[in-house]
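Structure first, then comments.
Chain IDs A, B, C and D follow the sequence of writing; residue 1 opens each chain.
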Amino acid sequence: MQATLALDLAPIARADRWRPAELAFWLIPVAAYFIFPENLVLLTQIAITALFCLSLDLILGYAGIVSLGHAAFFGLGAYAAGLLAAHGYGDPLIGLAVAAVVTAVLGYVTSFLVLRGADLTRLMVTLGVSMMLYEIANKLTDITGGVDGLQGMEVLPVLGQFEFDLYGKTAYWYAVAVLFVLFWVARKLVHSPFGLSLKGIRLNVGRMPALGAPVNGRLSTVYTIGAAYAGIAGALLAQTTQFVALDVLAFNRSAELLLILVLGGSGSLYGALLGTIVFMSAHHLLSDLNPQYWQFWLGALLVVIVLFARDGVMGGLRGVQRRLDAAFGRTK
Amino acid sequence: MTTYALQTRNLVKKFGGFVATNDVSLNVEAGARHALIGPNGAGKTTLINLLTGFLEPTSGDVILNGEPVTHLAQHQRVKRGLARTFQINRLFADLTVLESVTMAVNERIGIGARFWRPIGAYAEAVDEAAQLLATLRLLDLAHEKTRNLAYGKQRLIEIALALAMKPRVLLLDEPAAGVPTSESRELFETIAALPRDVTILLIEHDMDLVFRFADQISVLVSGALLTGGTPDEIAVNPKVKEVYLGEAISV
Amino acid sequence: MAFRKSVVAIVAALAAIPALAAEPLKVGMVLPMSGPFAAYGKQIENGARLYLKQNNDTLAGRKVELIIKDDTGVAPEISKRAAQELVVKDKVDILAGFGLTPSAFAAAPVSKEAKKPMIVMNAAASAVTTKSDYILRVSHTLPQITAPVAEWAAKNKIRKVYTLVADYGPGQDAEAQFKKTFTAAGGEIVGEVRTPVKNPDFAPFLQKIKDVKPDAVFLFVPPGEQTVAFMKGFAERDLAKAGIRVIATGDLTEEDILDAVGDNALGIVNSLQYSEVHDSPENKAYVQAYYKAYPKDRPNYMSVSGYDGMQLIAKTLEKTGGDASGDKFVAAAKGMSWVSPRGKIAIDAQTRDIVQTIYIRKVEKVAGKLQNVEFDKIADLRDPGKQ
Amino acid sequence: MTVIFDGIASGMLLFLISVGLSVTLGLMNFVNLAHGAFAMLGGYVCVTLLNRAGVPFLASLPVAALATALAGVVLERTLYRRLYAATHLDQVLFSIGLVFMSIAGAHYFFGAQQQPMVLPEFLQGQFNLPGLDIGIYRLFLVVLSLAIAYGLNRLVRGTRFGAQLRAAVDNPRAARGVGINVERIFTLTFALGTALAGLGGALGVEMLGLDPSFPVKYIVYFLIVVAVGGSGNIMGSLVASLILGVVDVAGKYYVPQIGAFVIYAVMVVMLIVRPQGLFGRRAAR
């Protein structure tokens, strides 16, 4: 039999290699630093939202769990890091670690609630969990500062070296570095057997048990990981803004995130990143141009995208690539 | 003494007042080519679901290789050597054939939850999947997306995924359902060529295939076992003829 | 689009070089222009622009350029981003606006680090001015508008009060301040309840109040539909007939909301620094100018904060000779006093917070329009939250 | 007793503002998060007629419903219909886009402030029975909700239109095959859903207020009712609204400290116990 096996295994064996386009993509944050030195806070927040979006992509895009309450983890992470910094433990990396652990625990516990039921139920259960967290944070004014926000955060320099500055340089590189590392990890995850089994679950959840895969176990694992990612994103926002208020837990944040991911194209790590870049840049530009009615144009943009570019930004890019390939007579 | 690969004892499943499976005690010998036949609505699908663990029985037991597995979940029964195919394809449309089968192999050898090294790093799994595709003569389609395959080929993938479990007992749920005759021959040849140490329980409508393939036949009617025996015995059994009367089949 | 500039150049531009009088003065405002608090942003902008218009966009001889950024309401990271960009990119001389407390808190470090004056025009938490030495407030603090109505109630035969506040930071602060002042003056709190912030139905709480029969209810909820809903329920249940009055902070009956509350608002006693019908020549002129510029809106206390913010800038620049650099500006602004449409006001030299007269008002119909008619006052009140 | 009545009334209000969504989401399987935008439109139409044109309240209600339905039909014909076959996520993206536009539009035309609304005399106040105070407007809401629920249920379960609708949703191709005008059915149903949204919005102004952020402010409530009731099930929505309303009001009355949690906690618990909703169709697996 061995002799008959004449199959090129490269497509599967080397699926995880870095493509030139990817390397080029990661030059964008470097280039952006020099091109837009006056917008570093925006760029930082784009990087943070991209990480947050990545976390939703892991659970929605790869594992198919819809969520309208992902801000629960983002907010919890933000408060974890914020409270640490407000009580004298201002080292940013420790803050990230603690936020990750705390949110992972919440993610693991709530995963059992979330995994029951179908899509609409999941949407609502995740929503319910996040709304309850919001109410708790609102109630515990003594600890969280309530709607007025958590005061007295003292964030120490990153690695004891780099102080957070007015221009947001440190914050920017810090956020981009964390995003890159976690993206790299997520990429490994996605290309691993675990990642493959998640795709299997999303594509045909009914078949997986018949292949001996413990579906709920896998899903609660990825939900936990997604939660930790979201928690880290929240912690980053808290540290770079040096302030936390209730809105980190708000419904709008969850809904907007879902929007960004769908816009970018779920089920692709770069979709999450590109969606964030497009959405937040559009938001920023439109609200600068027209502070009162920018929402109208943003809404119009969404409607147009759904009607004419259905697969999100990534779908559009793939379409362009296909056309280029066809033009140059390449075959895939 | 005969060893049984798969047995049920007094298996009962009720949906409300409706008895879908009525006191079924089925014995499938190790290594057998056992067919389960019955008219539409006889409860074949329910029985399969009870055997695989998709449903829990109201009462009675399922015994796999001498051990009761009645309360084990589906994936745990798979780990004990019980694999199945589905009457309606349950495939992974956006994965390639090789990815699908590799995923199945990953699960069997217990690396399905490894999250750090890439799929390609577990060469033994990929190689085994490729081997399996080779035996099923699917190698040239290895890098095709499942959704792009002809239906007959997709039915083969159904079987390939089950075989990747290295099952001791394989449940084939109407493997030829919906396959045009032009493609069905290849399918039957593949099934006939499966190694003898795999016990096969076949659920099938096509009587030609059943009588050509099976060495044992059980007949299910209205949720209960009507009778069982060798193809020759079943062929002359008046009760079976009565049940199938009007279905116009020549036996 | 901005192109690459060396960091040195930015720093140089930022460094507090005494501005030449000829150079335009850039004022960057961070306001909620969209979202649920858009009305705040609009009023503040209206007031600020009105003052600029009246002065030909020139304050103390310097042309003024107003840059407005939307922070969508409660989104501190956007407020901070807006403030930072205004400073770093637009190179504004003065930060202003800040509709809500978290926005002010989030932006405070920017003002502190960049040494830019930051004029708070609405955010009401007492602690806001302590977050940067460059913060000046021209609006009010929550304790400042809560204590007077408590004092008035205790003096005017209201012995038993039931407090109903929304269950969030400001609500809790208002509750605490009211209780403190009211009980110190001899009043009795006969019941208290905190209602959920997003609360479409006050029926259960109103029923409880009706059962207890206090002399008055002290109300503090987010201004807007909550006030409307409460007063509707109050009227529906005939609580007024049961002899129960409503006392509140005046932001709940401000001119923008008053029409939505409708006649149900009649008789509410409240305390605030500004009313459209405040009787002074300055206010008459202000109201007239406002209606001329914005025929569709009614002037309220937020618009006056925007107006006074600009007036503060003008008066301070006159004193510094056009120099808007942080330290000089703030030093000059401390202790500054002037006559606003709301009356005489001043900036406290220690706390940089506002000192002003708080009026006790009652909602009445004046020429067919609901108005807060002033009938008592506590003059020159400092922020009780800082004492 | 009064607490229970208030709970029922509050539940009915929930029902009124969400039943339109139950129609579009449940019956047409379209995730129309712009539901609140249609409700807001109904609210503005009603308020404008009342305050500017002096139309009586009761007359302005049907006008609000009709005007909203008209807007719904126009949007359905031009935009929505292209997305029936799209994924739910696309539908979410699209309808949120509409929500954004509607918020900015309302802000532009009506300003950011709350809209005033005065009920006619005969709907104001309350009458008192021993141990029970009944607000007249609340009673009006209860009666109206029950009528709507009854009518809708009859329409969907008991008429030819209902049967055609169910056929058209379950299998559009087969429905077309037997001569059902699927496009027309969908347009009519969408019109019905938006009309109900408009009516709910108009009725809700009195208790919920009306400003441009209305579509997002109450979206959570719409979703809760529909999810708990089981989408597409009118009776389910009614019962779910009742339970949520009564529990919510009772919770606030007896334990105000946890008032805000009650509705979410009840929702989560109900969904955990009955993941398909109270009366949801059990998913055939």
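In this text, a residue touches a chain if its C-beta (ideal position, glycine included) is under 8 Å from a C-beta of that chain, and two chains touch if they have at least 3 such contacts.
In this text the structure is predicted, and so the values were computed from the model without any measurement.
Of all chains in the assembly, those touching subunit A and also subunit C are D. Among the other chains, B has the CA centre that is most remote from the centre of subunit D. Compare each chain's C-alpha centroid with the centroid of every protein C-alpha atom shown, and the nearest one belongs to A.
Subunit B and subunit D have Cα centroids separated by 48 Å. Work out the mean CA point of subunit A and of subunit D, and you get 33 Å between them.
Centre-to-centre separation of subunit C and subunit D, using mean CA positions: 36 Å. Note on chain placement: the centre of subunit B and the centre of subunit C lie 73 Å apart, centres being C-alpha means.
Shown for subunit A are the residues in touch with two or more other chains, namely 135, 138-139, 206, 292-295. Multi-chain contact residues of subunit D, defined as those touching 2 or more other chains: 103-104, 107, 260. Residue positions of subunit B with contacts to 2 or more other chains are absent. The full set of touching chain pairs reads A-B, A-C, A-D, C-D. Partner subunit A is touched in their complex by these residues of subunit B: 52-54, 73-75, 78-79, 83-84, 86, 90-96, 98-100, 102-104, 106-108, 111-120, 122-123, 125-126, 130-131, 133-135, 139, 142-143, 161-162, 164-165.
Here subunit D touches subunit C in the complex through residues 2-3, 6, 9-10, 13, 103-104, 107, 111-118, 124-126, 133, 135, 137-138, 206-213, 217-218, 221, 248-250, 252-253, 256-257, 259-260, going by the rule given at the top.
Partner subunit A is touched in their complex by these residues of subunit C: 2-5, 7, 10, 31, 33-34, 38, 41-42, 68-70, 72, 74-77, 80-81, 84-85, 87-89, 101-102, 105-106, 109-110, 113-114, 125, 127, 131, 167-170, 172, 196-197. The residues of subunit C lying in touch with subunit D in their complex are 34-36, 38-39, 42, 167, 193-201, 203-205, 207-208, 224-226, 228-229, 232, 235-238, 256-257, 259-263, 296-297. Residues of subunit A touching subunit D in their complex: 66, 68, 113, 116-121, 123-125, 127-129, 131-132, 135, 138-139, 206, 251-252, 255, 258-259, 262-263, 266, 292-303, 305-307, 310.
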